[in-house]
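For reference, chains read A, B, C and D in written order, and residue numbers begin at 1 within each chain.
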Amino acid sequence: MAYVRKIINDPVYGFITVDDPLIFEIISHPYYQRLRRIHQMAFASLVYPGAVHTRLHHSLGAYHLMGLALHELRNKGVDISKEEEQGAKIAILLHDIGHGPYSHALERKLIKGVHHEDISVLILQLLNEQFSGRLQTAIDIFSGTHPKQFLHQLVSGQLDVDRMDYLNRDSFFTGVVEGAIGYDRILKMLVVHEGELMIEEKAIYSVEKFLVARRLMYWQVYLHKTVVAAEKMLVKIIDRANELIRNGIPMDSASRNLDFFLKEHQPDDNFIRHLEKFTQLDDTDVMCTIKNWCGHYDPILSRLCKGLVERKLLKIKFQAEPFSPLMVATIKSDVAQRLRISEEEAAYFVFTGEAVNTTYNIFDEHIKVFFKDLVVMDISQVDNALIHQQLSSPVKKYYLCYLR
Amino acid sequence: MAYVRKIINDPVYGFITVDDPLIFEIISHPYYQRLRRIHQMAFASLVYPGAVHTRLHHSLGAYHLMGLALHELRNKGVDISKEEEQGAKIAILLHDIGHGPYSHALERKLIKGVHHEDISVLILQLLNEQFSGRLQTAIDIFSGTHPKQFLHQLVSGQLDVDRMDYLNRDSFFTGVVEGAIGYDRILKMLVVHEGELMIEEKAIYSVEKFLVARRLMYWQVYLHKTVVAAEKMLVKIIDRANELIRNGIPMDSASRNLDFFLKEHQPDDNFIRHLEKFTQLDDTDVMCTIKNWCGHYDPILSRLCKGLVERKLLKIKFQAEPFSPLMVATIKSDVAQRLRISEEEAAYFVFTGEAVNTTYNIFDEHIKVFFKDLVVMDISQVDNALIHQQLSSPVKKYYLCYLR
Amino acid sequence: MAYVRKIINDPVYGFITVDDPLIFEIISHPYYQRLRRIHQMAFASLVYPGAVHTRLHHSLGAYHLMGLALHELRNKGVDISKEEEQGAKIAILLHDIGHGPYSHALERKLIKGVHHEDISVLILQLLNEQFSGRLQTAIDIFSGTHPKQFLHQLVSGQLDVDRMDYLNRDSFFTGVVEGAIGYDRILKMLVVHEGELMIEEKAIYSVEKFLVARRLMYWQVYLHKTVVAAEKMLVKIIDRANELIRNGIPMDSASRNLDFFLKEHQPDDNFIRHLEKFTQLDDTDVMCTIKNWCGHYDPILSRLCKGLVERKLLKIKFQAEPFSPLMVATIKSDVAQRLRISEEEAAYFVFTGEAVNTTYNIFDEHIKVFFKDLVVMDISQVDNALIHQQLSSPVKKYYLCYLR
Amino acid sequence: MAYVRKIINDPVYGFITVDDPLIFEIISHPYYQRLRRIHQMAFASLVYPGAVHTRLHHSLGAYHLMGLALHELRNKGVDISKEEEQGAKIAILLHDIGHGPYSHALERKLIKGVHHEDISVLILQLLNEQFSGRLQTAIDIFSGTHPKQFLHQLVSGQLDVDRMDYLNRDSFFTGVVEGAIGYDRILKMLVVHEGELMIEEKAIYSVEKFLVARRLMYWQVYLHKTVVAAEKMLVKIIDRANELIRNGIPMDSASRNLDFFLKEHQPDDNFIRHLEKFTQLDDTDVMCTIKNWCGHYDPILSRLCKGLVERKLLKIKFQAEPFSPLMVATIKSDVAQRLRISEEEAAYFVFTGEAVNTTYNIFDEHIKVFFKDLVVMDISQVDNALIHQQLSSPVKKYYLCYLR
């Protein structure tokens, strides 16, 4: 194949270069192009109007960081073959290929009985067939079966390029500059020791900042109360639609594909048969449908839909303690009366839940620091570290959504 | 009304403050919220993946710059009342309120017989009724009937905050950093002399850079050949849909509203009656519809739709001279044969056009420079100016689109 | 006095505006202009080549932030008179006016028996005389005797604009982007409650990031081992010069003023008499002198001087525990032998010390968080806070400097 | 030699990597370290307080860009050996090694009879001896005798990395953001055709912007009237000192080396013998000396010195036409009377001159555009180009400096 070299402008990193014909073909594939129509941050743009960037953009960014990381590691003498480089780049490029419209919450409602990451693997396998097996190394790296663990850790680990890119990119597009991380410094400080990805001692403060930035992004952006309210409304809309469908109420989605997943798809289906339909589903199907439902005669559905479309969201409160069931019941009954609906139906407008985030989970996360004297230590064990026991326990906040 | 102060994160300017209850209400209005679902740069994101920002975001940015401009002018002793400030801010906030889905090209196809800016005025008037006349000053400024011309010029003139924001913002989101302009310097150099907006002598180089940045953005971004190809394909899709509809072919849009404008709306309609429908139309209606049409049995429509959705665009060539009709005919006939369609139908896949841009139009544009000695001069007249006769004539490029 | 308005380009904040004639006069005063010749970060540029910005630039930046802070507080209804605004701006502009060449360490060696902040007050008083008492409010605010405590806290407190600017600016010029803080967000979240400066609850994560950024800047930049080594060498140079002078060795400084402070100034002097001399002292006197001393016949002095000028610095090691006196003695004796100097003299090339930093000192620092329900809490007391007991104890690191 | 890899933080490019032991040794050499003490922009910081960056920092930045340029060219198939890469990097690193204190104007006054670039070559040769001939390729590239012309053009040509870095860096540190150029895009568009450096057609707009940015930087920054006034005052100070020395007036410089060049160095000297002295001269010698001279009894010298130190500069006016000799004489005579000096002496305070800049010199500059069809064209010949005859003639402005 002829020499291909494409330079893509990226406001976050300047330029992203694609110079591998296979990777170029993958990017051009409709399955990948679909990611253009899935927002990286779902409804976060209701609070941060700049946050309209896409999953395609994020995965291109992560691919770029992968290139930088591999370059640094090779410069430090880590053995990485051409094929492994290609595999790792493809693996990160496609890490979100199985992502459905909007957030994971919606995914679970639409695609019953199949886990998000399983869909990614299924699509990777489908692509691998179409590309005559040339994606096998990528699949091995993605699923962790490739012998070089550090390649998998770069795709999915505590210091993977996925979260490095999304923190950077989400910080950039939201304008929450405090979420920015010193990704280039961290990348330069990566080392491989006994096959595992670690960071040099000198990067401790950068990693601390990375974890604190992530903490800030969670509480200030991802779990921003307005964002949570909008996402919960979307879930409630799909719940209501499912209920109406079960009750035989006529209601059409804007697209045939969305209709299929709402009406025909069953949890015990062999999902592989529907993969093609899934790869045509994106945010526009969902949003256009919700816009249509604004005029639906079911008052619960149309009220929720109009609320989301016109940004008249449910009110939401966060607090450290669970909300009293009695208070919730009172509000629910009040809403039931005002809207002349049953208390059961009022649960579409009044409900509670939890938002949880851990700054550093000492059980799951293992950011290993590699000291000059060959000692390896978990970052939470380092002297005077910011990251310690206390930050390691999850912070749970309780929320109450209700109709104003 | 209670004290309202909302701070919006903007990656371009940091923070945008809204502290006027009326403006807050306008921003919360569904007509304004619709702009969230119209991309500022239509299909530019096919080339510049970051360019997915919205008309809502742009108009908020322009509103922010208006605030800065008025603040500077007041500091220089220009008399601007509270009411005029509010009016100018509302006028710029709503300057795009009449914008239809995607680009102006599409608008003309969907809304027959009404001009884009007329729609804005109609919606402004509708809003003015809903807000009990409180938008009158804004309407006067927007339409140029307010006695203080410079306020209108800030909304729509050679140095208006509309283009200042879009150049900045489009440069920012595309990552084409060379399109960035020294907006803050230009704003600080604005003066009002004999009721007109001018710039101080010291800003000449900044304004030159502004014009050169605009020139670059036009040729490198707005008229990028891939972007042009995509936009023309969209127009061809709507053309084909209209033709099929005229021929009685059954075909549904994803939304009832889009259906109305495709099938029922007539040029001689009283458009005001359909304003409400128009204010519910956005990019998602169009994109979801096109996605549906990918499966339509008309091979011309479905091929165009799939091409746009999967980013398999028509090839496009630019050149300085018109394309030879003979050559175009040959390609058309070749395509007709390959696709087994008529030569007339092949015009959906093979067509020519022009892209025009002027760096500085000495007839229309009048950027006036105000010298210390009270002399006023058009920027094209200043000694040693970059902007002169030659740059003032429009540059025309011819393009040919064709199926590969 | 005529209308004065000066706009100063600042890479950190864009533009800094000066529009008060008195402030303009102060900036133009030679005492202030001297700050152009004192580096903000002393020898940090030996590691971070961009870090050559000046005390003048920093104090202009802090002045700019003061303007923003006062603007925000006024918008929130805090009463601040024109005179107080001017006073607070002057106070921050001049907060470093008493700073001597290079770091505070050097200051103590040169100006015996007078504390750095006392010099600032002395110079403020001198200026106040020259400006016919127009700096009185500034002095009151600076020294904390003005009734509105929050004004003093903005100049010198836990969230003062001094450290906000230096963290920002030092991060900017070093290129250590991780040290950047969300200063604009913090400024927008300042409130005054019962006369004291506090932050709104919503800013907790930003303040956390601020403290973590400061922690990072301390360990990664201010206490970077190479920077510490250079600063200690400078101190040793002055120590040696003092010793030689005491021994009657002829040695001239590059400037008469530096000579005076080295040779004639005594701790029990009435320092006020030498204030004028002090206000002519800057980094160039010291550096030019050290360059001259590279050729001095005393081998200890010339070796230290050449080392600093040519960036052949002493080696330095940091560790968590004090260095063993035995080891230090051994190295010292080895150096004494190699250089054929006494062990006492070897102490110029082999010495130990401590670097200390506290992320948040719960005893001294009191960042108060103001909750919506009027509750006030120290940030270290807030639920799930990052800032807690453990981070509050100082981190001490021990260093050993030695000739390689 | 052991593996050396040093990462230097740079606020402009993020990180600069040095991984070649020879280059590392060169950077550590005292001749190179001297560049830390020479400001890149001489007195520009009197107007732009951030512009205090150094020649060392600039040359490190240019070295970084050279690495990027060579990397791009190699990726495009241009043959560049390891040795050539090292040579080109060293050549650019040392391109300013012969630069004297402050501006070129001063250089000519201090080092009589030797041209600035000749000094660079002399020092390069001296270093080459010290490094046992390992700098030979660098010298060949620097002086244009290396067979691959494009390497020389990268060091010194129309699109060399020297001016790319200084425009970027000066724009960055002054805060004149409009001077920023799309260096990374231009670098990616470089090609080598028939041994010469050219740019791809797609980069035309970027190069236009580059030339317009340079034009803006010249008139807005480098030839800013206050900057010109300060630089001329420095020249006048040295002129006066020379005159006083000729007249036998006792006056010492702060440093022995500066003394030598002021008092003993003769134009017909063999400059090579003084090279070592020259390599110890920097801005601090000059500034410290000027500070000392503020107290000199010659009223002309001390007034000029105080003016520069305290930023009480001569007034300066620019105009398009030469100043009338009569007017100049009148002002001079007025100053002579006021200061009680001769009219000849008044020429230190009242003088005229010219500032010249050409946006694109069609005679000297040859930016060649390489079209896809292998056509090569000068950028001034391209259709619709911004750069044309008119911009090609130099713009001359006349200035008058005078004591207020």
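Things to note:
In the analysis below, a residue touches a chain if its C-beta (ideal position, glycine included) is under 8 Å from a C-beta of that chain, and two chains touch if they have at least 3 such contacts.
Every value quoted in this text rests on a predicted model; they were computed, and no experiment measured them.
Here the repeat of A-C among A-D, B-C or B-D is B-D, since over half of its contact pairs match by residue number. Comparing chain pairs B-D and C-D by the number of C-beta pairs in contact, the larger count belongs to C-D. Note on chain placement: the centre of chain B and the centre of chain C lie 50 Å apart, centres being C-alpha means. The distance from the centre of chain C to the centre of chain D, each centre being the mean of the chain's C-alpha atoms, comes to 32 Å. The distance from the centre of chain B to the centre of chain D, each centre being the mean of the chain's C-alpha atoms, comes to 44 Å. Residue positions of chain B touching 2 or more other chains: 14-15, 176, 185. Residues 5, 7, 14-15, 19, 75, 184-185, 188 of chain D touch chain A in their complex.
Those residues of chain C whose C-beta lies close enough to touch chain A in the complex are 176-178, 180-182, 185, 205-206, 208-209, 212-213, 215-216, 219-220, 320, 359, 383-384, 386, 388, 390-391, 395. Taken together, the chain A residues at the contact with chain B in this complex read 8-12, 14-15, 28, 30, 33, 36-37, 45-46, 48-50, 52-54, 56-57, 60, 172-176, 254-256, 280, 282-285, 287-289, 291-292, 295, 309-312.
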